[in-house]
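Labels for the chains are A, B, C and D, by order of writing; each one numbers its residues from 1.
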Amino acid sequence: MQALQELARKLLTDKTANVVIGWGQGPRGPRPIFVTQPEHADRLIFDTRCVHNLATYLNPRRAHLVPFVKKAVVVKPCDARAVAGLIRETQVKREDVVLIGMRCGGVVRDSDMDGKLTEATVSPRCMDCPDREPKLADHLMGEEASAPPKGKGPDMIAKLDAMSPAERWEFWQKELERCVRCHACREVCPMCFCDRCIADKSMPQWIESSPHPRGNLSWQMTRVMHMAGRCVGCGECTRACPVDIPLGLILRKMTQTVEERFGYRVSDDPTVPAPMGAYRLDDKQEFIL
Amino acid sequence: MAAKTSTDKASFKPRIAAFVCNWCTYTGADLAGTSRLQMAPNVRIIRLPCTGRIDPLFIIKAFERGADGVIVSGCHPADCHYTSGNYHARRRFAVARDVFGFMGIDPKRITFSWVSASEGGKWAEVVNDTTARVQELGPFSAYREMEARV
Amino acid sequence: MKIGYFPGCSLDFSAKEFDTSLQAVATSAGMELEEIKDWACCGATSGHATNHLLSIALPARTLALAEEQELERVVAPCAACYSRLATARHEMAEDKKLFSKVTGILKRDFTNSVQVMNIAELLRDNLPAIKEKVTHPLKDLKVACYYGCLLVRPPKVTGFDDTEDPSSMEEVCRAAGATPVKWNKRLDCCGGGFSLSRTGSVIRLGKEILEDAQAAGAQAVVVACPMCHSNLDLRQKAIAEQTAKPLEMPILFITQLVGLAMGISEQILGLNRHFVSAQPIIAKATVKALPAAREEA
Amino acid sequence: MSRIGVFVCHCGENIGRTVDCAAVAQACGELPGVVHSIDYKYMCSDPGQALVKQAVAEHKLDGVVVAACSPHMHEKTFRKTVANAGINRFLCEMANVREHCSWIHEDREEATQKAIDLTRFIVEKIKHNVPLEPIKIPVTRRALVIGGGIAGIQAALDIADGGCEVVLVEKEPSIGGHMSQLSETFPTLDCSQCILTPRMVEVYQHPRIKLMAYAEVDKVEGYIGNFTVTVRQKARGVNASLCNGCGECQKVCPNKKIASEFDAGLGKRPAIYVPFPQAVPNIPVIDRANCALYKGRARNAKKDACKKCEEVCGRKAIDFDQQDTFLTEKVGAIVVATGYQLYNIKKEQDKEAISGYGEYGYGTIPDVIDGLQFERLASASGPTGGKILRPSDGKEPKTVVFLQCIGSRDPAKGIDYCSKICCMYIAKHTMLYHHKVHGGQAIVFFMDIRAGGKGYDEFTRRAIEENDALYVRGRVSKMYRDGDVIKVLGFDTLSGEPMHIDADMVVLATAMRPQPGIESLAQKLSVSYDRFGFINEAHPKLRPVETNTAGVYVAGACQAPRDIPDAVAMASATASKILGLFSASELEREPLVAQVDQGTCAGCFHCVRVCPYGAVEHFEVKDRKGNLIKTVAQVNKGVCQGCGTCQANCPSKSVELQGFTDQQIFAAINAF
């Protein structure tokens, strides 16, 4: 932690970065902070409760951070994948960001929890995560991390796959009927950077904006389609959902499909092209008559 | 969904939306017409320039508007009028099909096919097979029941 | 490496020496030949001309037996047998209807997976092992390799060598230390099965072939087919009646040539069974090579 | 509120038999926004169209829906009609109630319901149609011709004579192509060079033709009317602006033993050379692979081995350090006229599917030559001065066997097609041989004599009947050298007899193949080619000289085997197409292209990745002071072909395909 603070101080002092985006202590555990003064660098912390994906603050939609231009960000491996995604999609210039990579062996479900990482507390996002350190980082910190503990509970994807379509429909209707269409899932997502989201488009209005199950369903299906080959698996949408809809489940299902079909896994290498928008002549087409 | 009695099934007339490309499948369907190939009257074609233009939103919207089944059809690989629109569509729908299925839309209600301008017979088959399949599945009443729930 | 062995009728009787020399060479070079049990006629002489289905089903039965013996490859030393077996395999692979018809007749579990090889192919594919065993390289021996009509034809069926410019037999002869000559008639027909019915034609063709070989400087003609052998060897006496002086061209099976180079005795190789004496050739092989010479070979 | 007119066609009985057209018209008349709805027997007839026109005026329609046949049939017709009536033609759409309804259903009630549905979709769609104006693209009135053979020469001259500029690129040091190698031409036996050379000179002197010989097309960008082509000018080692073509350098060059390409390997040339005396331009090239100086430099020799050409050159034109240069040319249209090469019978082939002729010795028998080599022997400018002498020993061959269809029409050798010209040129060869070698016997083995063309059959008959050529219908199974002669073993299928011929020379009419490298050129131009490498025409009958890429045309033997009259006709056809294209300063295109909403575009550029045409570009949005606000996508209307793949891939739907906008499709689906 000391190394992190020292580095931040140095970056701010020599103007390599005008702001360091990291975690600081808040009233209910760690929260994102923006450090602009070298003398405030000692406010930075990092531990297993630092769940937020700070790459979302690089997103040009965050107008208040745009004027800083040169930004340093503290990133876990999943956050680094998001930064890579933003670079890939020309939202961020690599030379404008300094990435302070933290080795990571998993985080807990939410920042207000006790930081102890166990089968019961580990965030579901970490269970499929193959990365222990962000390779894209300019500076790498923290100790060698071991794989996060395997979470408990049933494999929900397998469970849903085993259901009939009608049962699955029923399952999702029960979940989605709670949706209040606050769009927190979108706001927190580092990869949602459209100036005008399709959900807010009215001519035509593909997705009904009122919290009706019909619009709720098409919103989530559309969101997942837009995330195909882009979702970094940080699980922030699930965490941000005020009514606890298991959004990560759909994204994980989609991620599996993308990997099985196109052999693609989202990485933190911005030079690897995304699978959607590309094709192979011999892509599997067993579902097409 | 409540189990359907067999009489329900027999009287049920599926409504199927077809999103097809202008150059291959639409022309193939024209050929089926000029060849007077009789087929089920349940399919309504909406013409797009290319399968590359077909958005998964179209499928969602069609179901929302009461379609019991959807057909998406275009040029065979390597035959795309625009060289590669169908390849992009193939990837897009490979994912969409899984996602929709996972959310509870029966993939059997959606037919994806390649029908070339010379395959009038294949188009008739696609129409008849899809109609028969959807007939068997019964009406897609999920959206209508959703209204009742709210 | 186990290789299925289909001797066919010739190697059982008239070309017994082809059989014994092949067995000896194979043993020496570490090739394990396993005879297909209960093999039947390949249908070459008259069978294939009378009925197309029979022409496929007859060799197919033999291939099915080989499959039952879990053999992946079968060598048919007689060029006619090879042609029948390979043709049957090819046609069944190309024509699914024919294949199912044949399996219906055979009433056996048959997948048509056995690869059919001829003798030139087998030896060429085992060149390193053969070279290893050459102790008496046939230095200074000029040979004309005679392929005849069926060994490399038709290309779709054979495919192991260039149909119009093959080289496998030459490669084998070179491995035995001999020098293959360039000549023109190596792919011509010897008259094949007309040996008894149209003797005149066979003599004419044989004369043209042997004269061309002799003109090219060959001291022996090497063959890989019992038909070719009998037509060229047996008919030389009759040919001599039409030439100024007898050609006296020894005709050797390729396995005999390789056997000689391996130092295998002439009795085992059956060299005494020929009409034209192979003695001048045998003489060349009697001197065991010096180690240095072996290197060179 | 829209004012839409619906016009339901009976198509005689074709629609009316199974669809209750009046009921369709009535149902559609009740749709909101529809102010006029009628049915009529034949909507496409003059009175039918008049009804539409009249209704547009009377009811002040702003949308016309014709429920009739397939839009592929009559969309153009009705759009023209509404345009004549004074509204934008893109405010007219068709509902297909014939091919997609009446013809494929029998149940009248079901078919009528379906027809109402289909028409309703279009009514809803058309409410969101907007007037569109054709896209105008400026045209660079300048053409590029690739290949300086007879086809390229003809195309270049015709375009230039038509008043437009031409850039002619030829990869060899001189233009002229294969025609310059020929002796006489069939069926008139006029001297090839005598008719070609003046055309070559004309090209050279034409004020509107820029000739770039010894150059190749490196890169092609842009689209019809606006191509940017990068041409690589290969280094000649000779400064073209100083050289006066005196030829002294060739005389002093010590290495004169190089097989001459122009003489098909039968003659020799020096390392610095012009391919033939009448070459255009008459400027030599140094063959770096054979020049002692360059060979030495490649080995890093300390001293240059030979500089004789430089020493003798009075104009100081020799430039050993000359490098390849790249030039950029802007053109509006491109002609591909790269011509052919002859198939060779060697064992090694450039394509796996193609194999040589082992039965003819794989090209190892001397005095077995191909048709072009015979042309050089027969040509007065050739290595023998026009005497027919065989290459091996210079003797006059008394028996020459000609074999047709070598490679051609032989799927076993990998080529299925007929090379078209061989029957004719072999007949010509037998005549030339008969005239030049008295008492010589020409024997031709043929499969069929294909002599379709003006004066062609008469020509082959003359070869047989008046010039004593012996035509044998059959093929040659084998040939080999036997002492001084070539033994040719063939079969006469008409008499059923085998033939054994002792020939002094054999001429093979080998197949015509496209030039090597055609595939990579085709890829640069985005034009398609068949499995043999021949460029595909846009339509085999109706668009024979166009390709699938607008603005790229094809002439001569790079499209299929062609003789000279064919190649010239094609070349003139491309010229007329191009002059037509150039007749206007602007090009009109259907406006069904994509358009980006720069206000909402987030610049993720998924559209750029999926566009099959590279039509989407980056565009920098700047404020008044020139500060960059953001980078967004922008569609080049000239390049966009209107597939709409960009739109389906755009997450924020900030790109709209005109004619198929989300509004339009949404409305149609909503009407479901």
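Here is the rule we go by: contacts are C-beta pairs under 8 Å (C-beta built on N, C-alpha and C of every residue); 3 or more make two chains touch, one makes a residue touch a chain.
Note that this is a predicted model, so its numbers are computed, not measured.
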Between A-B and A-D, the pair with more C-beta contacts: A-B
Distance from the mean Cα position of chain C to that of chain A, given in whole angstrom: 71
Approximate Å spacing (C-alpha centroids) for the pair chain A, chain D: 51
Centroid spacing, where centroids are CA-atom means, of chain A and chain B in whole angstrom: 34
Chain B-chain D separation of Cα centroids, rounded to whole Å: 39
Residues of chain A touching at least two other chains: 206, 276-278
Shared interface positions of chain D, touching two or more other chains: 610, 649, 662, 666
Shared-contact residues (touching 2 or more other chains) in chain C: none
Chains touching one another, given as label pairs in label order: A-B, A-D, B-D, C-D
Touching residues (chain side chain A, partner chain D) in the complex: 60, 89-91, 193-198, 201, 203-204, 206, 226, 273-274, 276-278
In the complex with chain A, residue positions of chain D that touch it: 599-606, 609-610, 630-631, 649, 651-654, 662-663, 666-667
Contacting residues of chain B [partner chain D, same complex]: 15, 17, 26-27, 29-30, 32-34, 36-39, 41, 44-50, 52-55, 58, 61-62, 65-67, 80-85, 88-89, 92, 124
Contact set on chain C toward chain D in their complex: 155, 162-165, 184, 187
Complex contact set, residues of chain B against chain A: 1, 56-57, 60-61, 64, 77-78, 84, 87-88, 90-107, 111-114, 126, 129, 142-143, 146, 149-150
